[in-house]
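What follows is a group of structures, each given as structure tokens.
What follows is subunit A paired twice: with subunit B in the first complex and subunit C in the second.
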Partner chain A sequence: MWAGVIDRAAARPVALKARRGRWWAAVTWLQVAPLVGVFSAFLVFPIVLIAVVSFWDYTEYTIVPDFIWRNYAEVLGSAVTYRTYLSTLKFAVLTWAITLVLGFTVAYFLAFHVRTLKWQMTLFLICTIPFWTSNIIRMISWIPFLGRNGIINTALISTGVVRQPLEFLLFSEFSTVLAYVHLYTLFMVVPIFNSMMRIDRSLVEAAADCGATGWKTIRNVVMPLSKPGIAIGSIFVVTLVMGDFITVRLMSGGQSASVALMISNQLAYLQYPAAAANAVVLLAVVLLIIAAMMKIVDVRKEL
Partner chain B sequence: MIDGPRSLGFYALAAVFALFVAFLYGPLVAIVLLSFQGPDGGLTFPMIGWSTHWFAALFEQQRVGDFKGSFLRSLGLGVIVMLLTVAISLAAGLAFRKRFVGSSVVFYLAVASLIVPSILVSLGVGLLFRVLDWEPAWWTSGLGVHLTWTLPFGLLIMFAVFNRFNTSYEEAARDLGATGWQTLRHVVVPIIAPSLVGVALFGFTLSYDEFARSLLTVGTRNTLPLEIYGMTTNITSPALYALGTVTTVFSFLVILGALAAVTIVQRRRERRAPASVSRKG
Partner chain C sequence: MARKGNRNGDKQSGRGTLSRRRMLKGAAALAGVAAGSGAITGFPLIWAQNIKGVTLRQFGTGVSNINEIAAKAKEDLGITLEMAALDSDAVVQRAVTQPRSFDIIDSEYWMLAKIVPSGNLQPMDTEKIKLFDKIVPIFTKGELGDKKIASQGTAPFKVSYLTGPDSTQFSATPTKWFTLVPTIYNADTLGIRPDQVGKIDSWKELLNPKYKGKASILNISSIGIMDAAMVCESMGEVKYGDKGNMTKEEIDKTMKVLTEAKKAGQFRAFWKTFDESVNLMTSGEVVIQSMWSPAVTAVRSKGVACEYVPLKEGYRAWAGGLGLSKALTGLQRDAAYEYINWYLSGWVGAFLNRQGYYSAVLDTAKANMTPDEWGFWMEGKPAQSDIKDPFGKVMEKASAVRDGGAFETRMGAVACWNAVMDENRYMVQKWNEFIAA
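Right, the complex of A and B next:
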């Protein structure tokens, strides 16, 4: 296709070509302008503003333009901050590990064991539908299962496995991680499935012909070739958990903290500059984690 | 692995998959059942009779908050976000078919929009409106923050679409004398129509369910997810499940509608076009 365009273009006088080039550049810019406009006004500018406000002062009722380091001193000098980051990181690592194993297994089944494209797409769609429904409702829907009188406790007691209802099931770190896995495994399945569907099937057959067992094929052929999907999924899951506050608040029953929850609590007390300083630190941490992951795989190349 | 009898591994993996699907849908099934609790029923099984008592409670404004108003706001916002997401993503997708100065900057902006924690976007836009002394509202600040969440998905879908797009159709149109606009209107858009429905689905549902970004940006009147969140803290009756059932059924109808639209477009195309053409694009 490009060859045709270039040939035709080359046949025209140079001046016309230059005018056409300028015309195309203008059209292209008009086409991306709305996108750039939205991101500038509602992403870049607000984040710059957060950085600016993080140096402002505040009283109980108002925020005051200033240049002070106190907000950062308070964030970085408080033991609560470190404890909260540790707790958030723990959630992130646990959720990442579980969603990775689960997501990889599901994607592998869909990509390599379901034989027709029609079934692959049907089963894939079944996995993705919950993504388009409300996260909050999906969290609430665990109450009948995990509650003190919930399905699991009732079953365990009636079968005689336990005598007392298990208290750790709901409103605990357990239920928080469970909810994360429930909500975010899809973010692993989709990119890994996408990577796997691009793997040349003859490579897998070749491995089998050379005597590789199923597991060896997975380890040495499928896993390395799924790396881009794994990286994208990991970035999604880790950043979602690092920035989450609603799941922690609803599912831990106030027993766990997260960095974003800390920020949202400060917002509730109108301590905007303090929240802004916290937000800048959170953003820096998230970006560092992503940079580390990008070092392993060049994501842009894989899209 | 590709053909021949199913291995033991297949059945093990199929079992894992089945459990995963049960894990995804089981809780939803439970709350749908429990939302039909009798008037004396509680938040867990067993069912104490069956009734639609809790659905009725949902529509009495005083009892469970402003369900109807917040639903209508979310619906309106979702539709606006959907239309803008399709239009803006399509335009940007067309631009990205060629490299242009700054294309990688725009790409990284979209990626950044996906990975920046939602609460930061909420906080930033909330601060912006506060500093400018503007009143946040769902159709201004709320609309903007929702677009920062839906547009990256729309753009990535457009990338995937145009990566696989067979450009010979456009060339044929141009050779037959179609203008750029005619080519877009009568050739490109009909071919990618199913994907545009997909973008619309993302646009609507992501906005309809968005919570964290709405927090400081929709103003004094809540959208539905904020209202639901408020209810989780002060309602301890199956009315909460009734609410979950209603919104989930609504989401499912939207998803089904989108899938039906895609299927109809594809069927019609297969019927109209010769078989050899309809397979492509």
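Right, the complex of A and C next:
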């Protein structure tokens, strides 16, 4: 938008240019003002506040404005923090890998195997049906399904596949990752599908004409051209998992920790400064991850 | 502790339609406070007329999710109660950080160690509580019958009195200034599925490898640590000076025992809310766990056998009560006192006792219950006919006997109270490590 405005202004006679230029600049500023205002009020200001509070001191029932490093020392000096980050990262990596494979496959099927646009859209909308119910409902409905006396175990025992109910199905890391995959695969499907729909079909034909097999075409044509979609989907999934506390609590039966769960516990015990310090560290880690992803795929360039 | 339950919905709302001005006019016109006479025969009482139309905002864990009480208060007193139910952590948080957001707090006694120092509560004048002398002496004198009640943990008596009208210091001896008027209290123990667990008589059974992968403990550190301490003490693993106020070393030892059990796969899940504990038990995921009395009842009412076992080491007790916000003055404060007096006058007591809780003034509650109900809930006698809850649902069949028996037997066997320790910060940190282990 900026570039367009300035170009147009530059095309005018020189005498008008200065006056018009200032005028256009003012309009431009006005145009961006609402967005700047919203972002400042609801994004920048709260984050700055969190950063400020993270240096405060606290007791059981008060928070005391101060400048101390103790909160950070406690966060970074505790073995629990590292273990928690490790477990959160493990969930993030597992979920990312599984949703990527699933999401890519689904998107590929929709984009290249379904021939008509009508069917593509119909099937795409079907993918979104689970999202018509709330997150919590989708999670909780796994419990009667996976439980000790749940549908799967009952079926397995009655068909004689196992004798004892499989305990790992529920309240375990397995069930946590399963729920994440269930919740977040669509976030992978949508951007990848979007990228694939932009791929020029003649490129695929050209690949076939040059004798590439189906797999080679995917590997050398479709995958590179879907990179922006993959990157965006990955950002969605990774940040969602890194910031989650409710899925991990419900699906692990409260037995696994996550960074956000740790923050929510600290908030519950009125330890706002400690929670703030933790949140700042989490924010930094997530930003680093996103920066690394952006390093691999320059989304802006590729879009 | 259906405090977390929130089963009756979040909020009782519906503002009185009277405007503030009309309310004040009414107040000027009718200044006299009509007093209820004898407590036991005290129905129908005449309540103050000038408070009609007053709205009081009450929030908390326990009785604040019982809409029937608000409806009855509206009917009897004409005041509107806006109730909001929160979990215990959120109650402390709101009481400390947003003192102007409530008129009446429905708090648990252990929370007072955090809330009172903030200065956001206003002590109650015991002279304005008409039935003050009838309140169960567990709260007013720290005794029951002629026995001293266990003082480990935040025993209500220890935090019931303040040293003065503006004080934030607890007084060890009775004064005229009272923090909370008790509403509900109970003695907690382990709940089991008797069809899958045999007879047990000790807290240590929670970590018995026989129930590997089928045990649970509640993940609210200040309560969970007490259950854990009961377990460790009965196993002989840890000796405590005061379970309600552990030293760092005692905390470390306790958490070590629990962490080892967790790593060995003893626990199926940890629960935080009332509903979670009910679901774990009914679905059979868990067969032995720390539990709250109404949760046991809820499991039974789903047709699943569940027993609230009296254990030889005794109970872990808890109690909640109503307190006044610092910001409460004038007519609103009069209305709040009247509401609290009404609370103790019997109808509410009977309502609570019928759910398996205990109420603060027993005489008035008794007058509002049938002899059979009183015998079953309070005296440990076999039920003569079906016992129904306040909503008319059958809770126990005739001839059933309450787990643990009579009021004096259960409350007399209390070993410790829910507490906030001096080393609370350290304890919370260690508890979180245990959850993350």
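Note that in this section the second predicted complex is superposed on the first by the 263 of 303 C-alpha atoms of A that agree within 3 Å, B and C clash if a C-alpha of one lies under 4 Å from a C-alpha of the other, contacts with A are read in each partner's own complex, and residues count from 1 in each chain.
Everything below uses one rule, namely that contacts are C-beta pairs under 8 Å (C-beta built on N, C-alpha and C of every residue); 3 or more make two chains touch, one makes a residue touch a chain.
Since the structure is predicted, the reported quantities are computational estimates derived from the model, not experimental observations.
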| item | value |
| --- | --- |
| Touched partner set for A:A268, first subunit B, second subunit C, both or neither | second |
| First, second, both or neither for A:E167, with subunit B first and subunit C second | second |
| Which of subunit B and subunit C A:G253 touches, first, second, both or neither | second |
| Touched partner set for A:T62, first subunit B, second subunit C, both or neither | second |
| Touching partner for A:A276 - first (subunit B), second (subunit C), both, neither | first |
| Which superposed partner A:F145 touches (first subunit B, second subunit C, both, neither) | first |
| Touching partner for A:T84 - first (subunit B), second (subunit C), both, neither | second |
| Subunit B or subunit C, by number of subunit A residues touched | B |
| Those residues of subunit A which subunit B touches in one complex and subunit C touches in the other | 143-144, 147, 149-150, 267 |
| In the complex with subunit A, residue positions of subunit B that touch it | 1-3, 7, 9-10, 13-14, 16-17, 20-21, 23-28, 30-31, 34, 42-45, 87-89, 91-92, 94-96, 98, 100-101, 104, 106-107, 109-110, 112-121, 123-128, 130-131, 141, 144-145, 147-148, 151, 155-156, 159-160, 167-168, 171, 201-202, 205-206, 208-209, 211-212, 215-216, 225, 228-229, 232, 240-241, 243-244, 247-248, 251-252, 254-255, 259 |
| Residues of subunit A defined as touching subunit B within the complex | 1, 4, 24-25, 27-32, 34-36, 38-39, 41-47, 49-50, 53, 63, 102, 105-106, 108-110, 112-113, 115, 123, 125-127, 129-130, 132-138, 140-145, 147, 149-151, 154, 182, 185, 201, 204-205, 208, 214, 235-236, 239, 242-246, 250, 260, 263-264, 267, 272, 275-276, 279, 282-283, 286, 290, 300, 303 |
| Subunit C partner contacts - residues on subunit A that touch it in the complex | 60-62, 78, 80, 83-84, 87, 143-144, 147-150, 167, 170-171, 249, 252-257, 262, 265, 267-271 |
| Interface residues, subunit C side, partner subunit A - complex | 89-90, 92-93, 96-97, 113-115, 117-118, 213, 219, 221, 262, 267-272, 279, 283-285, 420, 424-425, 428-429, 432-433, 435-437 |
